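Both complexes below contain chain A, partnered by chain B and then by chain C.
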Partner chain A sequence: MSKTETLTMAAPEKPKGKARVTTLRTELVRIAGIALVIGAAIALFRSDPFVLNMMAYTFLFGALASSWNIIGGFGGQFSLGHGVFFAIGGYTTANLYFHWQISPWLSLVPAMILAMTVAVLVSWPTFRLKGPFFAIATLALNEVAFVLANYFDVLTGGARGMMLPFKAGLENMVFTSRLPYALIMFGFLIVCLIVCAFVLRSRLGYYLQAVHIDEDAARAVGIDVLKVKLTGMAVSAALTGIGGSLFAMYLRFVDPATLLSIQDIGVKFLLISLIGGVGTLYGPLAGALLIIPLEFYLRGSLSGVVPGANLLVLGALLVIFSLFMRRGVVGAAQTLWAKFRRDDHE
Partner chain B sequence: MTTFLNILIVGLMLGGIYGLVSMGLNLIFGVIRIVNFAQGELVMLGMYGAYLSWFLLGLDPYVSSIIVVPGLFVIGVVIQRFVLQPLQNEPFMQIFATFGLLMLFQNLVLAITGGTGYSVRSEVSSTVINLGDINISVARLVVFITVIVVALGLNWFVMNTMPGKAIRAVTQDRRSARLMGINVERAFMLTFGAGAALAGLAGVLLAPIYTLSPQIGGNFILAAFAVVVLGGLGSVWGAFFGGFIIGLVEAFSGYYFDPALKHAIWFLIFIAVLVVRPGGLFGIAGAEEMGLREQD
Partner chain C sequence: MSEELVLSVQNLTKRFGGLVAVGDMSFDLQQGDLLSIIGPNGAGKTTLFNLLTGQLRPSSGHVIFRGQDISEDSPQARAQLGFGRTFQISKTLTSLTALENTMIGAFLHRRHLSEAADHAAEILGMVGLAHRAKVKAGTLTLSERRRLEIARALALDCSILLLDEVMAGLNQKEVDSVIELVRTLHADGLTVLVIEHNLKVVRAFENRVLVMDFGQLIADGKPEEVLSDPQVIEAYLGKKSA
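What follows is the complex of A and B.
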């Protein structure tokens, strides 16, 4: 791929015609708009448990894909190992709640810090690798984590997993209805979007994009490449860890096969991002809004008849999008919009 | 001493399996510079091909290679032509595309078979040779011999034949190779086809050893990555020796530490080598970055 092409891929707003880089204020206003629309949608479906469940998953995975997008999309480091940070968050909260009855709200903090620390420690050496090799190494990390999670059953409950006790109450983050969960995931999504917007419009975000487009050039202009990557990874992993905690409390069950599944967790983040638009601010959310309901539908209607149908469709989508829609739904929309405006001016 | 020898034999036989599975991956990587995440699924397809020819035609799995191997070659050529060729020089999209193929193949087979585990029987598969206290399974011995033959044959092909020389030229510099009149796209299709065919061969030979499941490719792909990275990216002998290293590590750590941890141990070795010497033990230094260099 030519470097100019990478540039258009990485740049969140394609500078075509008079289009310019948006300010943080614009993005925050947009996020507020998204929050209003989603809030209205939750209010509309507040008594439908099926839709609320789907929404909770959609928001959670939209948020997680957005977190992945910080290092994977802005920074161009295609990690397949984010499941590890996800699982760390899940296990931290589950353990603290299970053994010491510590409120999950409080344990979000240690979950976040632990995920961040592990992310920095394992990424330090692996960031020496580039492109596909980084992806392979992170894939292997996920596998090591899987083996270890099965082995150290004192911490993780081993392959049988841990069932968290059902004690309804706000302080336990356990509810009888699905509505509070949808609201929590919604809140997490908005937090992630705001963090992403801040990162994208900060020095760190520009550095990450510079590293993505050309690492050597970035180093040549004086960017400390390793530090930038590690910071991006830390932010990304911290959010992913929180997501893992929320997921554990939502399922009230943690086991290695769920938390460290490559196809259902690790790859899901980048799949959603690709379909929505890698490196764009709203791409991961758009991807989640498309993929998660689609998966629910496929699982509900087809999986009984054809096992694995949902993953079959996702695999096909992955190939098709990588061939024909590299910038995802948001990228395609931006191109169309730019074209439309140019036609308008002429 | 007998225990030690037995573990050594187990390790070597396992190494043969890993080496054979990695040959195709390494060939594809070495020449086209594509990391094929779907390679394990090609092995899986080879295994199911062996099952099909046994089920439909009553062929012994070893005989069925005359159908399965060319079949996989065709699949490989099709993948290269229609999926990977348009993505040349786009390493990120290649990750997505080959991962998509992985999910596609795995779940396609799952959808067709409904997840039933099959096993293929061959006359040879249950035979065991006893040498004193040492037991060698014939099915594994066949794999062991095949990997040696394949490594020698591949090496000879690449070094001494015109198509082999063309492939090496393309590996070194696509543009100059093109100027010399080599059809780069055709060389790539041939290579990917050959890589897929090797995966098919591995699948056929492994079919009598393992119980077939759609997810079995996942067991091989990470081992194959470990082997290829350890041995050296793009070097024929790298995959050969890398396979034995991983096989021996797995056998010995499984015996002396804990069988549950054997995978964790070789993964950690793998990550360590990847980080310290990304080119691999037998690889050319800097080979790991060549995939990212711009070429046309």
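What follows is the complex of A and C.
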């Protein structure tokens, strides 16, 4: 604190020339800090299967919400159809492993490419729609995918789903302990955060934000709005597809009701982002750290007493956040921090 | 005539159903010109502006920019060519800082964050907003937001700047300071087209003025000639006072 003060004292009255913005390097340092803390937490609970399972879910959903946030938060396109890209990833890896014993590590690539391709193809027409209309169209997409997944049972095993054979081994991404899964999800989370940082602190990130705030103003500065949206969607869907693959290997079971569930997948990414801080880099992670453990607790303690009570609590939480903390946990923290710094200067 | 023709508007017409918002307008703009277009409410100024920036496509007629017909080009294509514009209701990106707003313009010809940030900081200095660089655009005053919009357009390295009623809602002191800014930019060689409702502003520029009424061009000349034209007085104040 005192260091910056002496600097401003020495500088001339008006800060001319170089005014700074948060750079990629700063974000990478922050992500390294987050990785250290989470790594330490995993080490601490390395022999507790309940906590490790909860951690795996938290990291996976933190990563998926961060991916959603690229197009939904930075770009402001509230997609409710990300479950489709998630399911595509899950089914791709499940099929390649089930029928041809292809290592899930390798099938992450086709899963990613397929999710990205489908995302671009379906977004091309739907991006003409704005605001709530876009959200509704993507929600419908999820429902269509659900019907298709049930119908084409050759690819998906239909409503009965597909059980993936248990053959433990690193090459099969199947393990007897929960620790490797927690570590894989942790790795995926860090990859997602780094990709998000690359996007946000680049031209694409600024263009997405411009498109989010005002499309007319964006066009006036030479931005090809559709291209920017499609690029953001492609990156977002690619990561979501990978998440679907990892999820399929973690459960070793895929079926339409799980992969294409509206409340547990499609809307979940958005809900986590909203509570954590939509459009901020670390908001989705903060949301996942809050929501997923809470859900685990509620499911354990409440659903036995009143079925569905965990959903009630989540719904109430969402209402409270959208009324009083529009910018989520991270947004509220930023406001407090700014206030604190102003007081500090006076 | 060594001057270079920048913008040529030829028989430009825009109809909305039976209403002719802009009817058969033609005028030229040379490199380094400062042209004002004035007219009472509903004269078709904003429609004309939107035809020039690509927000609307003409019903007939052409917009020629440096010899190239751009009548059907999108707004983003025109920005690539060198159009910079502001909006009548200012469209700053409120949740981003003044610097970031300007960077969004700077990114058009600069790929990297640091290049764009340096260029944007320089431009903010030019429009007198250097000390507000880190402030969120949403908390700037109206006159600062107008300056910021000009900064964003300048950051595009535009060769023609189109200002849509940038003085609207400003007090006299602020109007004077924005006029001063536009004059400075013009003196530095920028071609400027100002659409304005406020007659005082037009008088202050002392450059060529076009007057529109009911979608037609009714006068063309220096402010003092144009503003004493009975047809113009009639358009602004009604028949009796003419």
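Simple rule for what comes next: the second predicted complex is superposed on the first by the 325 of 346 C-alpha atoms of A that agree within 3 Å, B and C clash if a C-alpha of one lies under 4 Å from a C-alpha of the other, contacts with A are read in each partner's own complex, and residues count from 1 in each chain.
What we mean here is this: a residue touches a chain if its C-beta (ideal position, glycine included) is under 8 Å from a C-beta of that chain, and two chains touch if they have at least 3 such contacts.
Quantities reported herein were computed from a predicted structural model and do not represent experimental measurements.
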Which superposed partner A:Asp216 touches (first chain B, second chain C, both, neither): second
Which of chain B and chain C A:Asp48 touches, first, second, both or neither: neither
Comparison of chain B and chain C by chain A residues contacted: B
Chain B versus chain C as contact partner of A:Arg203, first or second or both or neither: second
Partner chain in contact with A:Glu171 - chain B first, chain C second, else both or neither: neither
Common ground on chain A, meaning residues reached by chain C in one complex and by chain B in the other: none
Contact set on chain C toward chain A in their complex: 53-55, 74-76, 79-80, 85, 87, 91-97, 99-100, 103-105, 107-108, 111-114, 116-118, 120-122, 124-125, 130-131, 133-134, 152-153, 156
Touching residues on chain A, where the partner in the complex is chain B: 1-3, 76, 78, 125-126, 128-133, 135-137, 139-141, 143-144, 147-148, 150-151, 262-263, 267, 270, 274, 278, 306-309, 311-312, 314-323, 326
Chain B to chain A touching residues, read off their complex: 35, 83, 86-87, 89-97, 99-108, 110-111, 114-115, 214, 218, 222, 225-226, 229, 258, 260-261, 263-264, 267-268, 270-271, 274-275, 278, 288-289, 291-292, 294
In the complex, chain A residues that touch chain C: 14-21, 23-24, 201-203, 206-207, 209-210, 213-214, 216-225
